[in-house]
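Below are structures written as structure tokens.
Each of the two complexes below includes chain A, the first together with chain B, the second together with chain C.
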Partner chain A sequence: MNISMRKINAIFILRLQLILKNFSLLMAPLMAIGYVIAFKNFFPSNLPSLRALTLNMGIILNITMGGIMFGSYPIAEEKEHHTLRVLMTSSVNATEYFIGSLLPSLLILTLVSIILVPLSGTSWQQVSIINYLVITIICTIISILVGFTVGIFSHNQTSAGVLSLLPTVIFTFIPMFKGFNKTISTISDFLYSGVIAKFINQSLLKHRFTWNLFDVGLLIVWLIIFSIVLIYAYRYKHFD
Partner chain B sequence: MNLIEFENVTKQIKNQSIFNNISLKINSKENIGLKMSHTESSVFFDLLEQNTLPSAGSIISHTQNISTKRYNDGIYQKITVKSYLQFFNRIADQHVDIKKLAPQFFLGDNLTMKTNALSTDQLERLHLFRIALSKPDLVFIESPLRDLSNEGVKSYLKALEVVRQKSTVIVISSYMEELLQLSSTIYQCIDHQLEKVDLELDKDSSKPQNIFRLSSHLDDKTIFFSPNEIDFIESINGVSNFSINSEYFPSSLTMDELEKKLLHFGFFRCHRSYLVNLQRISELISYSKNSYTLILKNSKETLPLSRAKLDELKDLLQ
Partner chain C sequence: MVTVPIIEVKHLYKNFGGQAALKNLDFSIQNGEIFGFLGPSGAGKTTTIKILTGQLVANSGIASVLGNNSRFFKEDIYKHIGVVTHDSGLYENLSAYDNLRTFARIFNVDKMSIDSLLKRVNLYNDRKKLVKKFSQGMKQRLILARAILNRPQILFLDEPKNGIDPGTTQKIHQLILELKHFGTTVFLTTHNMNEAAKLCDRVALLNNGKIAEIGSPQALSLKYNKKIQYKILLKNNTALKLTDSDETRQKINWWMENGELQTIHSCEPTLEDVF
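Moving on to the complex of A and B:
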């Protein structure tokens, strides 16, 4: 399959324009920013555990909820308005479409993830920026892949909203509430979004985060699983 | 030059025949129109776009540069006309000067407008402009004039001529009137087969012949129908309505007047409120001793049949 950088670039520019004009889509990253600002102002204490909780919730909300929304809603909207068929009959192939659609979402969500750190009152000296970027970028890509799969199975934006509820709840709320229950904490350790929570907690509470084979393997496994799921979903459903 | 060939193409969906052994060769610069029902045209586009394969026969394409425009194709909202066209210009990699070409599509002063602010007439021309950017060898367009105003039709026809300078455009519609405006050769899908419509008849006589047409007034326009386009006529609240491809068009004539006029065109009063085109009947179902229902071809509609009319209908269908 030929992949044209020119077409990916064209889709990237279009998708970026459409995302920036879609307020309902921007709600997830804006909610994450709003949440972090509100939490910081309501609880001005400088307790590391409170800052870790604030940053954790903001980032997970942005990456998982935002990623799934950014992946699913545009595909569902294109199906609803019959624009996807026009695009796919204009010599664009599925790989070019997915890459061109993934990049602007990744760019916006990563920028928001970077902004959230200073907004939560955390210094970059406490969080390794390289590790932070690696983890947030990989997790955002996984969330967008989940979103793409949901989008493939959705007929319109309403069904995309309904279908994305379950993965959003699983990948957003389990790591968020891992401190409340041991079982939830154990499940969270096996989720890709759980790695974010672990990284923030270790960076802010233990002042160091070291990569271990389990976390690296976990991210790779989730990335491979959702890549395969997306490929099979596309082969099975296409953009019907 | 032969652009695409349909060789004995048969397509069946759920045991229902949509196309039966159709053959068609489309040569460069031919202005062909295809008269098809909505279902047939949808399957035809699916075959063209290779979303589905023919049940039998083959489609041989001698060009890869084919564009299609279905009736309900959409346009990205909230971006400007220029951004929309620039996107497809980048995809096509043809480096067309959009500003220079826009006046030929009557969109010269609309480039900075948002696409969602465009009228139906302008949207249809924008689709045409988008197609022109990729300079395709062959274009298939479905019912482009259906929703256009009188002025919109005039502008569209001029814009279409611009596209036809470089591309062969095939129009697919369920309305003969639309095809007559857009094509010089018309094929009609009858009983799942394509038959060429003889348009030469009228050319020999110096005076146009009288053609029987039924009319329906909708807003500021009058739509004319050939009797063979009508599936059935239903009286709803005292108003007669033509049912064509599941769409209803009101008529100013009463059911009795229509029955008299259409008697010789194969219409039958199957019920006090229904006149059915006999050619469209596919099944007669009896649910009980005194209850009969007519099922129509390529339609989900069912019509009641009066007990008293059963024998008369059976005689007509023999």
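Moving on to the complex of A and C:
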């Protein structure tokens, strides 16, 4: 299969234009920003645990809910308005479509993840920017892959909303509430979004985060799992 | 010299569940032809177009386009074909210009040609308007403009004038004839026999998944013109329908010599009658 940079660029620009005009799609990153600003203003305390909670919730909302929405809704919308078939009969192949669709979503969600740090009142000295970018980018990609898979099985935006619900609840809320229950905390440790929570907690509460084999392996395994799931979903359903 | 058909269909069968949609379809289309595929709803027209454009796989038989079996199309084939189906979509939140610009990027077409294309389909003044504010006719013209943006060798048009006004229909017909003039082969499905008779070099009449007749509209009309008749209107407003005979010809001559004949038309069957 040939991959054309020109076609990826065309899809990238198209997708960027459509995302920026779609307010309901922008709700997840805007909610994350709004939540962090509101939380910081309502609880102006400088307690590290409070700041960790604020940042955790903002980032996880942005990356998991945002990533799944950014992946699933555009595919469902294209199916609903019969534009996906037009692209496929215009010499764009599935790989070009997925890469071109992934990049603008990744760009927007990563920018939001970056601005959430100062908005939460956290200094970049407390959080290693390289580790932060590596973890947030990998987790955002995984969420978008989950979203793509949901989009493949959705007929329209309503069904995308319904099908997104379960992965959103699992990957967003379990790491968010890991502090409330030991079982939830254990489950969270095995989720890709749990690595974000662990990274933020260790950086802000223990003042250092060190990579371990388990976390690296966990991110790689989730990335591989959802890449394979997406490939199989596409082979099974195509864009029908 | 033997010319290679640009589209060739051999023994094509397609079933949906237990229902046969296409039964042993056989036809070929030469370069530069406007080929009409006619039939009532459910006859198998859209199924044929979907198989020819690689969107559907036949149960058996071969559908080849530009020498490529449509079952194994690679995406590069779509650089040479344009497809307009009745459910072709547009990006409603983008302007007409941005819709075409996206596909110009995909096909590597110079953006200068977007404006000239928008002028050709009378949408230049509305180029900055969001497509969601367009009428059905304007959308149809934009879809057609998008399909010919890459100057395709073959244009597939599936019921291109469904739900649009006569003025837009006229413009679409003009554009189709212009494309033929520049060497594009057009595969047109329609249930409108008059449209087919006006535009097509050859037509295939499809019924229940089978081709009932194939040929030029004129040849088909003449083939079924068993009873030659004339419709006559005299200057005194008398309307007559006369069957061809020595007596009728003598009468017509007499009316012509005496200046009494106002109009005269032959009554060969239309494609609709043939169908």
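Here is the rule we go by: the second predicted complex is superposed on the first by the 240 of 240 C-alpha atoms of A that agree within 3 Å, B and C clash if a C-alpha of one lies under 4 Å from a C-alpha of the other, contacts with A are read in each partner's own complex, and residues count from 1 in each chain.
Just so we're on the same page, contacts are C-beta pairs under 8 Å (C-beta built on N, C-alpha and C of every residue); 3 or more make two chains touch, one makes a residue touch a chain.
Quick caveat, the model's predicted, so the values are computed rather than measured.
Novice: After the overlay on chain A, what do you see for chain B versus chain C, clash or fit?
Specialist: Superposition result for chain B and chain C: clash.
Novice: Which partner chains sit in contact with A:His207 here, chain B, chain C, both or neither? Use first/second/both/neither.
Specialist: Once the two structures are laid over each other on A, A:His207 reaches no partner at all.
Novice: Tell me which partner A:Lys21 touches in the superposition: chain B (first), chain C (second), both or neither.
Specialist: So A:Lys21 meets both chain B and chain C here.
Novice: Using the touch definition from the top, say if A:Ile13 reaches chain B (first), chain C (second), both or neither.
Specialist: both
Novice: If you stack the two complexes on chain A, which partner ends up touching A:Thr83: first (chain B), second (chain C), both, or neither?
Specialist: both
Novice: State whether A:Asn93 touches chain B only (first), chain C only (second), both chains, or neither.
Specialist: second
Novice: Residues on chain A in contact with chain B in one complex and with chain C in the other?
Specialist: After superposing on chain A, chain A residues 6-7, 9-10, 13-14, 17-18, 21-22, 81-83, 85-86, 89-92 contact both chain B and chain C.
Novice: Show me the residue ranges of chain C that touch chain A in the complex, using the header's touch definition.
Specialist: Residues in contact with chain A: 53-55, 75-79, 81, 83, 87-94, 98, 102-103, 105-108, 146, 150.
Novice: Over in the complex, which chain A residues touch chain C? Could you list them?
Specialist: Against chain C, chain A makes touches at 2, 6-7, 9-11, 13-14, 17-18, 21-22, 78, 81-83, 85-93.
Novice: In the complex, go through chain A and note every residue touching chain B.
Specialist: Touch residues, chain A against chain B: 6-7, 9-10, 13-14, 17-18, 21-22, 81-83, 85-86, 89-92, 238, 240.
Novice: Going by the contact rule at the top, pick out the chain B residues touching chain A in the complex.
Specialist: 49, 51, 67-70, 72-79, 83, 87-88, 90-93, 130, 134
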